[in-house]
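Heads up, the next two complexes both have chain A, just with different partners, chain B and then chain C.
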Partner chain A sequence: MDISIFIQILVWGLYAGCIYILLAIGLNLIFGVMKVVNFAHGELLMIGAYVTFWLYSSSGINPYLVVPISTFIMAILGILIERFGFRPIRGTGKLNEIFLSLGLIYLLQNSAALLWTTNSRTIHSPYSDILVPLGTIKLPLDYIIIIIATILFLIAFQLFMKKTTIGRAMRATSQNREAAALMGINVERIDMLSFALGSALAAVAGSLWLISGQMVNPYVGSLPAIKAFAVIIIGGLGSIPGAIIAGLILGIAENVVPVIIQSLVAVFNVEMSFTAWKDTIAFLILIIVLILRPTGLFGKKGE
Partner chain B sequence: MRKHAILATVLVVIALFACGVAQSEETEQQGVGEIRIGVVAPLTGGASTTGNDMWQSAVLSAEEINANGGVNVSGVNMNITLVKGDTETSREGGVKAVTKLITVDNVDILVGGFSSGITYADQVVAAEHKVPFIITGASSPIITRRDDIDTNYFFHHCPTTDDYPDSTLLFVDDVVKPEIYERFNFSEDRPLRLAVLYQDSKYGEGVYDGIKKVIEKHNLNMDIVAAEKFKMSETDFRTVLTTIKASNPDVLYPAAFLNEQTLIVAQGRRDVGLNNIYLSVECNDDPDYYSGVENWGEYSIQESRFGPYAVPSGDIHDAVVKFRDDFEDKWGTSPSMMGASTYEGVYIAAKAIEDAGNLDKSNIRASLAALEMPQIIEVMQNGVIAFSPDYRESKFELYMQQLISNETLDETRPKIVWPESVKETDFVLPDWYEPGSKAEEQTPAAPTPKGPGFEAVVAIASLFAIAYLVLRRSK
Partner chain C sequence: MNREKIISVKTCLGFISFLIALLMPHIFGVSQYLLTVLIIMLVFILYSSAWNLLALSGQGSLGHAAFFGIGGYTSAIVVKSLGLPPLATILAGGIFAAFIGVLIGLTCVRLKEWFLAMVTFGFAVLAHTITLELPGLTGGWDGLPVQKVIPVTVHNYIMYEYYLVLITTVIVLFVIYQIMNSKVGLAFEAIRENELEANVMGINVMKYKLTAFAVSAFFSGIAGALEIHHFGYITPEVYGIDISFWPIIYCVSGGLCTIEGPILGTIIITLLDESLKNFGWTYERYIMIGLILILIVRFLPKGFVSVPEKIKAYLRS
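Coming up: the complex of A and B.
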């Protein structure tokens, strides 16, 4: 196989990694602050993609310009979910939180089916015909935009968490909820804001994913959510740098490793397709990391 | 206490008696003027769009039959009553639906059955009760060929995964290959380079096996240069399409469902630059496919037997148009392929019962086995609906469509290009088409052992790295 083909596959992995990172960071933030495992996080990606589709199809404007609006709408939805879903059951036991988030999966899926039917929807990017030559390969402009947009989002997110009062309050609540409350931080408001931010990041992930030519239907959220869980476990629960590194590892590995294995077995004259093993490889990485580092790459003991 | 016990016993006896009377009345009514047909379809769940289409088509045919006096059963005109059997798009749901249709609703015959996996599970119940089942939506040939149950009561009225590649590859050999070879001055000896991308399921594997069988059966000069699998509902095909592109194919044959096929074609053309002729299995001849694939699907090939846009010319033309118009008038949407075969399924059931002369299930089965009736809205081989004596499969005359861009709609629309008897226009090889290899590189493409490439070196290095980490940790 040509090296240019290998580089191209690497880029596809990078793109997948960007989507995983955006989704996993939101999930990690909610877990870090509220200690809630939101199983319906993939459904927030799905609803975010649908909102972008709806805004785009009703306005006809550039889909990238629609993303901030759908992100804002999803942040409000996140606030509502936290305020009327998770807050009333806070402190009543982990099982209630788990069942609430499982129930949210069905609620959001059926709501999407009711609003937009079960037919798959897609968005036509205005840049889908533009190819950018990068050395020996040509990349569609949309992927370059998505990768750059993810980097910018991550920088903005880091600045928000490090430089703003709310960001510092979120980190403090994540580190020690009681101490943060004693220091005068309104932890319930921080819960609400972290859920809003997590939902907004899921909306960004879903919107960029849709604009890159994917199709959304009410049931697409499950697999990305499972991958996002794998990312935060590999990276370490609650660790944002861990989620970034693990997202990249997972995205690149699940695209590159099957091709490598296929070429390796071809040396022994075995013709076998490994491309359907993407997910297997993702979870194999998860198992290997858990064996070598049970707390994940950047996790702390006790999480 | 004793009084209460007696009262309870009397009430139970009365209740049981009442139930018995009600049951016998229902049976009596059923015997006088009603044929009960169970429609097995995914009315809820992931495939509910298709399932509802199947149900609506069945309703249309039952209404037509009833409006024309019903079914003449030994001189008595009986109306058709349809009973819903919702499989919920799951195996468990399918078993539940078929069990209810047979044991509670007492249907005389079953029609429908979408998805090979679901039908494989629920047909076991029909086999146990020996209820005839006209299967109109499951493509795996195993449905009537499995030997762990009695399949004599199953009649397959939709093409199987063996049938799709037969027509498709004969068309490629007959029409596409000569066009490519003429434009690029390839020698006739050069095998056509075919890549297959198939779903990791009974359906996908069935199509891939069918492709291999067809090449062998017709001795076609084609090489399968890549055969890659993907998981059902996969959404990211960029990597697998990049590896397929590296194998230099002339034609790509995906065995995929609608959403997957849409993404394969769009990602292949737009992201990977795989400028081949893309083939497609019939289940994708759907309005959602044309809107989803946009103009990336232009010039791709769609195998079909009933579609939303193209109508085959010839004797069947008017019947297809009438069905489509009636369906749209009644339901406000276009019918799908699964709807078309279910519509026919109800007519087949009615004809079989008429021929049987009674509602005895073994007699209905026998008349289905001997059935011979004119084609209705789908083109059949020899113009006749009949089930083969070995595996009880009806044989369709599948046709090939090419997607042509429609500037007004900003989408593609299919035009029938093969076979000659029903075609609307000629096949076009697009200007952007790129073959797998140039004329001067005409090498046989049979898989040959390859030397370790860049990725093999990376793999070995990775193995060493993991081994090092494990060793370091154990120290």
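Coming up: the complex of A and C.
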């Protein structure tokens, strides 16, 4: 295979991986602090993308500039979901949290369909025509912006978690909730803040995804959410470096594996469209990992 | 003594509702619309009860559409290739779904809660992809036309179809009721409450979890086959996320891990859904259903079946 095509696919994977990482880190933070898996996390990505679309189409300014505003709006929505959804049912069983997430999925998907119809929406980025030459290949500027923005976000997030009081309180709460509460940390406020931060990260992921030329419709959120879940299972619940590595692996595997299989299949002349397997790869990895390690690759025993 | 009384009241209610269901076409006449709604309702009662049986053993699946769809496709393909009557192939659909259920169950027995939920969800996506990749057998995106259970040429065919589905559902519910009240059902509940303790008490956890998967998949497959032989066609949409989520909504709103929960939940939610549909609402009614699910998890965790108890407790206080 031509090496430049391969690099192109690799960059595609890197870009997809960035979106998964942003989503997975939010999910991971909420899980770490509250021990809740929000299955409706992908719907937050979808709503975030729609809010960006709505702000952009009503103001017409550079779409990258409206991302902070939609992020803020989504953080508030996250607070509302935590306050009125997950907080009251804390400690009533894991299944209830799954059921509540299902209710949220229905609520958010159909609210989006009601507000913005089910037509696929897209934003025409001002940089969509610009290609940056990089050696023998050309890359869209948007992809490079997204990759760099994700790296900056991750650095900022890591600094926030390590250096600030709130970040430390979040880590303390995720390590031991009772001990953190005894040390004078308001754990419920930490719950609220981590849910807000998780939702904000989902909104960033959704907005960047939309701006880079992807279509968004009300049902677009469920697959990325599940892939983000696969990422945190592979990378280890609560581990941020693990999520970054796993997100990159998944993003690249999704784009590279179908091409490799396809070129192998071409040799044997079998008729199958392996692009259809793209969305299945995350699950195959997930299933294989969980068969070998039921609590995830780096998961703790007896959780 | 008191317990016996409650059981007999429930049995009476069950019997009365069965009688009403039997007389339905005679009370309201043979209406195509009404009977279609009732047939789908019955299919989903069957399907939700199957899901409920798995939940009874502590395993919440988010991908039951895999079994529903596999049952449907198996039945459709067997009818097409062997020319057997649909009545026989519905059973084949259930058996093949049970076989797949055991295979999936083998990978899931060690998993819990979210891990289980994600993996079962993943298997539904996998089943969808595999179906699309075998267009020669499954018709790909276009799906397959399927023979109806009762040919359309028969006078009042929809009524016979209704009775067939009704009788199947009642038999399945009876079997599920027997399972729930047998040693197997008790073992399921023990595993749900505390897997480790159940193991210590000498319950073979793995065996019972697999049994739950197989039985649940079997009945889900039958439900799927019944539905597609009613519609007369099958498309990959049977693996849709909605198909996986509906039984959960029905069971949670009706009352988890009870025999009457899925029945009550399916009837109430379907009636609500149909009446809102008549207002011309589409998205609004799903928003309502999402809200209802959230409110039930929050305020009525035991579902609609616990409403009489709640009222009694309220009156007493």
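Rule of thumb we're sticking to: the second predicted complex is superposed on the first by the 277 of 303 C-alpha atoms of A that agree within 3 Å, B and C clash if a C-alpha of one lies under 4 Å from a C-alpha of the other, contacts with A are read in each partner's own complex, and residues count from 1 in each chain.
Operating definition for what follows: a contact is a pair of C-beta atoms (placed from the backbone, for glycine too) under 8 Å apart; a residue touches a chain by one contact, two chains touch by 3 or more.
As the structure is a prediction and not an experimental result, all values here were calculated from the model.
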**Message:** Looking at the superposed three-chain arrangement on chain A, would you call chain B and chain C a clash or a fit?
**Reply:** clash
**Asked** After lining up the shared chain so the two structures overlap, which partner does A:255 touch, if you call chain B first and chain C second: first, second, both or neither?
**Response** first
**Prompt:** Counting only touches as set out at the top, which of chain B and chain C does A:229 meet: first, second, both, neither?
**Reply:** second
**Message:** With both complexes overlaid on chain A, does A:119 touch chain B (first), chain C (second), both or neither?
**Reply:** first
**Prompt:** Now for A:263: first (chain B), second (chain C), both, or neither, which partner does it touch?
**Reply:** first
**Prompt:** Touching A:104, do we find chain B (first), chain C (second), both, or neither?
**Reply:** second
**Message:** Quick one: is A:96 in contact with chain B, with chain C, with both, or with neither? Answer first, second, both or neither.
**Reply:** second
**Request:** Once the structures are superposed on A, label A:287 by its partner contacts, choosing first (chain B), second (chain C), both or neither.
**Result:** second
**Prompt:** Of the two partner chains, chain B (first) and chain C (second), which one does A:6 touch, if any: first, second, both, or neither?
**Reply:** first
**Touching partner for A:138 - first (chain B), second (chain C), both, neither** = first
**Prompt:** Hey, which part of chain C ends up inside chain B in the overlay, 25-33, 97-105, 169-177 or 205-213?
**Reply:** 25-33
**Fill in**
Dual-contact residues of chain A, meaning touching chain B and chain C, are 273, 276, 279
**Asked** Hey, which residues of chain A end up touching chain C in the complex?
**Response** 37, 39, 85, 88-89, 92, 94-96, 98-100, 102-111, 113-114, 222, 226, 229-230, 233, 272-273, 276-277, 279-280, 282-284, 286-287, 290-291, 294-296
**Request:** Using the touch rule from the top, collect the residues of chain C that touch chain A in their complex.
**Result:** 55, 60, 62, 107, 110-115, 117-119, 121-123, 125-126, 129, 132-133, 241, 245, 248-249, 252, 256, 283-284, 286-287, 289-294, 297-298, 301
**Prompt:** Can you name the residues of chain A that touch chain B in the complex?
**Reply:** 1-3, 5-6, 8-9, 12-13, 15-16, 117-120, 122, 124, 128-129, 131, 138, 140, 143, 213-215, 217, 219-220, 223, 255-256, 258-264, 266-267, 269, 271, 273, 275-276, 278-279, 288, 292
**Asked** Quick one: in the complex, what on chain B touches chain A?
**Response** 46, 48-49, 200, 227-231, 233-236, 238-240, 242-243, 245-246, 258-259, 262-263, 266-267, 270-273, 288, 292, 294, 447, 449-456, 458-460, 462, 466, 469-470, 473
